[in-house]
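Read through the structures below before going on.
Common to both upcoming complexes is subunit A, partnered first by subunit B, then by subunit C.
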Partner chain A sequence: MQFDPFVIPFDLGLYFILIYAVTRSIIWFRELSRPDKLRLQRGFFGKAFGQSLKEIFLESLIHRKILKSNLRLGYMHMSLAFGWFLLILFGTIEADIFGEKHLNAPYKAIFFKFFNPDHGKTPFEAGYSFLMDLILAFILSGLVLAIIKRFSSKAVGMKKTTKLKTLDKIALTSLWLIFPSRLIAESLTSGAYGTGSFLTGTLGSWLASFLPASQMAYPFWWLYSLSLGTFFVLLPLTRYLHIPTELFLIFMRNSGIRTGDKAGSFSEVEVHSCSSCGLCIDTCQMNFSAGINNMQAAYLTKAIRNNTETFDIAQNCLMCGRCDQICPVGIELSPIRMIQRRTGDSEISYTNTWKGYFREKQHLPVKKQNIRNSFDFLPESNPGKADILYFAGCMTHLTPSIKIAMTSILNASGLSWSFIDEKGGACCGRPLMLAGQDKEARELINYNSQIIWKSGAHTLVTSCPICYKVFKESYYLDVEVLHHSQFIKNIIDDGSVKMNFLHKRVTYHTPCELGRSSGVYDEPREVLRHVANLETTDFDNENSLCCGGSLGNLMLSQENKRKIASCTAAELTRKNPDFLITACPLCKKTLAPVTKYKVIDLSEIVAESIVTPAVLKKNTYRFKKTVRESVGVEKS
Partner chain B sequence: MTGSVVVVGGGTAGMEAAGQLAKAGLSVTLIEKEKYLGGHLREWHHLFPDRRPGDEVLSYLKNQIIHNNIRLLTGEGVEGFQKRGNDFIINTRSGDVVKADAVLLTTGFDLFRSERKEEYGYGIYDNVITSSDLEEMFHSGEIMMKNGEKPEKIGIVHCVGSRDEKVGNLYCSKLCCVTAVKQAIELKEALNKCKVFCFYMDMRMGGALYEELYREAQEKYGITFIRGKVSEVGVNFSKRLVIKAEDTLAGRPLKMELDLLVLMAGMEMSAEGLKLAEAGKLEIGENRFFAASDNHFGSNKSNLKGLFYAGTCTAPMNITETISHARSAVSDIINYMNSDRK
Partner chain C sequence: MEKFGFTLTKARVIDYDRNDHSIVDFIMEREPSFKACIECGCCSATCTTGNFTGFSLREINVLLKRGENDQVRKKIKKCMLCGKCSLVCPRGVNTRNVVFVAKQAFQKFDNYAV
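On to the complex of A and B.
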């Protein structure tokens, strides 16, 4: 039996982390809701399992998404993760083939060279040693990048990297020590026995030429084992927990589990899967336009993990969703931020670091008093019977040109329509929701729902993407909700309106709430292609910018909002368009004052180009049938 | 006394300063981008607080600049300038080069473009006009709505583009309150039957005789002052304006139908002034107006020796203050020519 006391730290660390992983998984599984448990069980025996394996390989090992967005950073992550994986895999095979017996204890593979110092004499063995050296060199090259990144993040193509806490620093040091100590230990042993390949062999024989290699090797094997052991024990307390947690996340996501609106196992797994890679910091407009770099998603997940104050971080965000788009781990960052907003100013109980291995549930929402709001003061709104309802919303009332344009478009369509909030109405509820006040928002939703029900309409058209999102997702209405860009596309497609082509060059700004938040990218662009020459910009579709006027952020100063707006407007008008078009009254209002270019809404250019028909022909617009109609209930 | 000064901008400050400099014996080049001198003063029918015709002040200023030492360059913009040693070299837009010992910038202000507050509907609804448009109506003597009828119910909105973080102007334009009072009185005099409502945040009646005018407006003319900003403007079926506001003293929301809405557009640093500031690396303040080298005793001096400011390119000012400011600039320039420059 090959054994040496120096393997004990490694062994302890390894068994500790394995037991910990199992316990933690059981706790997480138990805390899942029943439907999610079923999803997970179904996922385990279904397609999700295979998909997850593939995704784990591509994302956790190769880091494909980071590679795509930043080659150097991706290489760094890949060489460490994939390299280490290969080292373990081939190390185990090596120990199995060349070791004393088959099926060895894990430490045999890790410290193979120590127990088999003269391995590498035959050509086959030498070839294998060459492979192992190659893998080690691959890892070390990534390590060099990581060390450079820590001291100068620009070297890996990043403007900003995350700041660390003390435990992270210790864990980081032990992580950094693992591979160099292995290199030196293996080299010294190889040097003493005249084995090893191009890396360990060369370095070993050079070191052996002036050092007592066989005596020197032993302390380095200790160091190697100690750094591995320390790293494993500290892992659950540091951001490196993301390495094992990400595997769970991928599997849970593929099984169909989503973040939802309350904190739970899944959101906790997500938070712990954040590797603090910092891509969200670089993509954040608060950072690159306004110079605010302490509230990005990486800091939010870090604050949640460390049980520090999250209120300011959670509130100080545009909720534009750019970080969701870029996160290489695919964490649903905006929903997590919303969870933190809903909890509000929660009491945070103190937990010491050692207890941190199994944290108490944190950030529980403060119970709110039950206050019923009344909207008695609002004018009685009776839209009457109509097929189509138009809801302008507060922001459209503040940008009357959009209201006027939509009125003329709806009239030109020849459909029977009614203007719900022509004389003013209640808010759609989204601003309250974004502030985490769902209950209060529900009151508004009920108020508006009643009006919509009374009209018996089957389609609701909104001009404001903020309203659109909340009507679509949070109202339980039996009507088709359309943003005006979608509605206009429908009436163009079915021939209800004819348009003149205006020979204007335009660029289109995708509003966050319409694009990333609701997935409506194509309709506005198709409508624009009917009326003008649509130019591309560097920030189209998923990569679109936030105008800066977001309702999601109640903490950002006007000055910083202007900075963001100016940057956005400048980027979108690079090609000197005749108009900068948007599809959101708030974006229009935010962008218009900061640029010399004319900013108009999609509906305005459409209203401008509509051909007034001499005779209104019979309308052919096909509605989606409502449930009421399809089950044969008469509209009453 | 000898020496040459270039005065950029032929408005109130520029004309007054040019006249005074010429009298002191300096040779002056007065550059004005418009065809006519007079600047914003030409647009004003009557001036507050005594409602004397603007033309009277204009003709005083015109008399000031009839002097042999003054060379006029109208219809000519300034492209930029350099300082070589102690001399200034000014490049005009048409390619001329003017040399001078000192430069006085009197580039004035631009009226806030009210289209930027889209919720007020300027440029969208026919009967939403600005204080400047109304002054033009006073000039022509025809105060009417777009359809030619006489307005009976008129609203005046204070602080349009001033004290408004959203448009990036935190400062008070200082003159709009008293302009609103003056115009309200004039409206009332011109249209006997009309009712006038002023929507204000605070009444800033800091100038001589302002408070008296304000009192008169209420007591003699029965003008209604409502403390609260107008939030949005729309139209009803008969195309009459409908405004939403809040009466913050009564503590209730308010909705009102109006025939005419007048926006008291604030003052902003002129676009020309900003261009010069960028070209000449002149310091500007947070409010984008030129930053004087000292708030108390250097309000005409810039961060560049030999370059001076006067008038509304440094802060909102009324005519009285502008003329005084121009004169104080002249005394600074004379001191500079006599001692500092040598």
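On to the complex of A and C.
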């Protein structure tokens, strides 16, 4: 037997999805910017290709990252993805070896048992059937977990699972039907012919004992083919598009393409690669501290995919970056959120299912321009010439003890320094950027840059990680930008200051903007080791918690901010430290009212322990060479 | 009738009830904590922008509630969204979002873009 009408739904679905995948890839490739196209081409013929293959195997099939963070959830994903892959691979080999001829049509491998019902009589064939049954059992075990998870997410170690839309539900049902219908169809056929291994054989002979197996098998083969066909056709409209897209994403990422700050091909690929696994929901502090569970990254990507309202979801986020850290697909979720914030508010009423197959064909309304700010009231400022500039920032002005501590540290270092915003300066621009108002932020950035350029300084020290990040990333300056923790480490290392060891036990809270956002983890810890006994907590470095006061979230009420702050403070003070140290004025301001422990800034404890030198030491601080010095502009 | 060249003078009463309250209603809906504002002025005292100009969030709050939208529209552009005001607010008003939502409301209702 070579053909039967029941394979038609499967065939149609398969060819549809193949053609769709090729068309979509071409569209995505065409929309890439020119440098990104070159990157992708170079990556495809270079080292990135091998890396990508390895990553595809480890992440898309084995799901190593999910396995690491949650074993049961990882097993569920692995059994479905890796199991299905093995089933297709060994099925194709089986059809090739045992079939009537080589190089069969794809349906011959999928419905092998139907076309070769008496296969499995010889010992070698029986061995092979055993392998196929084993793989099917592997997938079915994952499927059972998936069904349990849908109804009770706690069973797989997750607090919350993602909510679904109607099309997702239909696709999910067809996905769930694929493997049980295969099992029953194969079992009935095996039962009728007395073949099959431990799973299909046993089930088959039991079913055949009281059912007309040979007549009943046929409808189940139809069901198997139909569920496969339905799944393939619905794939582009549902979250299951992540299965093919993730491969594309891995190639693009390994070729060096990054999200950037505008929506484009890559961000769209990223959005479609989200499998809605829900790890970001569990890790989100808005969920486990404040009980808000409708704005996490999985919902954002879903809203973008479905062209529904994203404004509230995009705005209601602390931008702490914990989801970026945990995402098993490695989607850059915070940059995607920032892109959504920049596009602003617009009423999308346009959701057409058929056009969902090609998202770019939908004409979204043109976004209205934001109200432009005008900061022309800012006075012209002339800071004194100095080697080091100190920028306290708005938040430090609200916590004057940090300002005082930094003044005494800078004085003790014996370097020439100048306080830019001693009498209050302009904002650094980051809060406006976080609200998606980049143009306005640029005005402030230009204003501040002017002051810094005029001073001719080598180094800019800031007390606030929020300012640090924006100075480092969005300003075009010819100075070395340092957070005060880095600066203090430098002056300790070169011997400019000496410290007393205070016999205090302290824990350190890593601010999000300093840690995950800017990658400064070690410097504050090293400084603290010089002055006190640093205790570890469960939430150190990459896994650090957000204080809740983040400027990233405009919508969060004070009450919820307080809830998050108390949760964080409670976690960090578990070991009863003398002080809870942080390196951000905003974190200090947020954490101090919710805990009985004393919350102080890193600079304060350093200022307290600093030994005032009898004679100011000769200046030994080594400045990083600026660009203007290396090309010799300064001398002429 | 004989004309004497005299007319009745128009009433010069400013009736705040007749002003357009769509902006403030929108803000109240999106940021309910705004209702708790007692106009104490802590926000104005700590304001980064207020350090340089006469910008006062307290004034803006009062004007918004009265529906004097034209004045608000001119002034609100000066805010840098730094967020110090919401940290000092004794009533827990999310003042930073009030400014953000007000800007959004101007876009929505006035189609206003400078």
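Assorted remarks:
Quick note on the criterion: the second predicted complex is superposed on the first by the 610 of 636 C-alpha atoms of A that agree within 3 Å, B and C clash if a C-alpha of one lies under 4 Å from a C-alpha of the other, contacts with A are read in each partner's own complex, and residues count from 1 in each chain.
We take it that a residue touches a chain if its C-beta (ideal position, glycine included) is under 8 Å from a C-beta of that chain, and two chains touch if they have at least 3 such contacts.
Just so it is clear, the model here is predicted, and its values are computed rather than measured.
By the touch criterion defined above, A:A435 reaches subunit C but does not reach subunit B. After overlaying the two complexes on the shared chain, residue contacts for A:V22 are found with neither subunit B nor subunit C.
Applying the stated contact rule after C-alpha superposition, one finds that A:M555 touches subunit C and leaves subunit B untouched. By the touch criterion defined above, A:P593 lies against subunit B but remains apart from subunit C after alignment on the C-alpha atoms of chain A. In the superposed three-chain model, the partner touching more residues of subunit A is C, compared with the other of subunit B and subunit C. Contact with both subunit B and subunit C is seen for A:G424 once the two complexes are overlaid on the shared chain. By the document's definition of touching, both partners, subunit B and subunit C, reach A:L398. When the two structures are aligned on the shared chain, A:A570 is found in touch with neither subunit B nor subunit C.
In the superposition on chain A, the residues of subunit A contacted by subunit B and by subunit C overlap at 377, 397-398, 424, 558-559, 589. Within the complex formed with subunit A, the subunit B residues making contact are 116, 118-119, 121, 124-125, 165-168, 231-234, 244, 253, 255.
Across the complex, subunit C is touched by residues 344-345, 368-375, 377-379, 394-395, 397-398, 423-427, 431-432, 435, 437, 444, 549, 551, 554-559, 586, 589 of subunit A. Interface residues of subunit A facing subunit B in the complex, by the touch rule stated above, are 377, 397-401, 403-404, 424, 558-559, 562, 588-589, 592-593. For subunit C in complex with subunit A, the touching residues are 31, 33, 46, 48-49, 51-53, 73, 76-84, 86-89, 92-94, 96-97, 100, 103-104, 106-108, 111-114.
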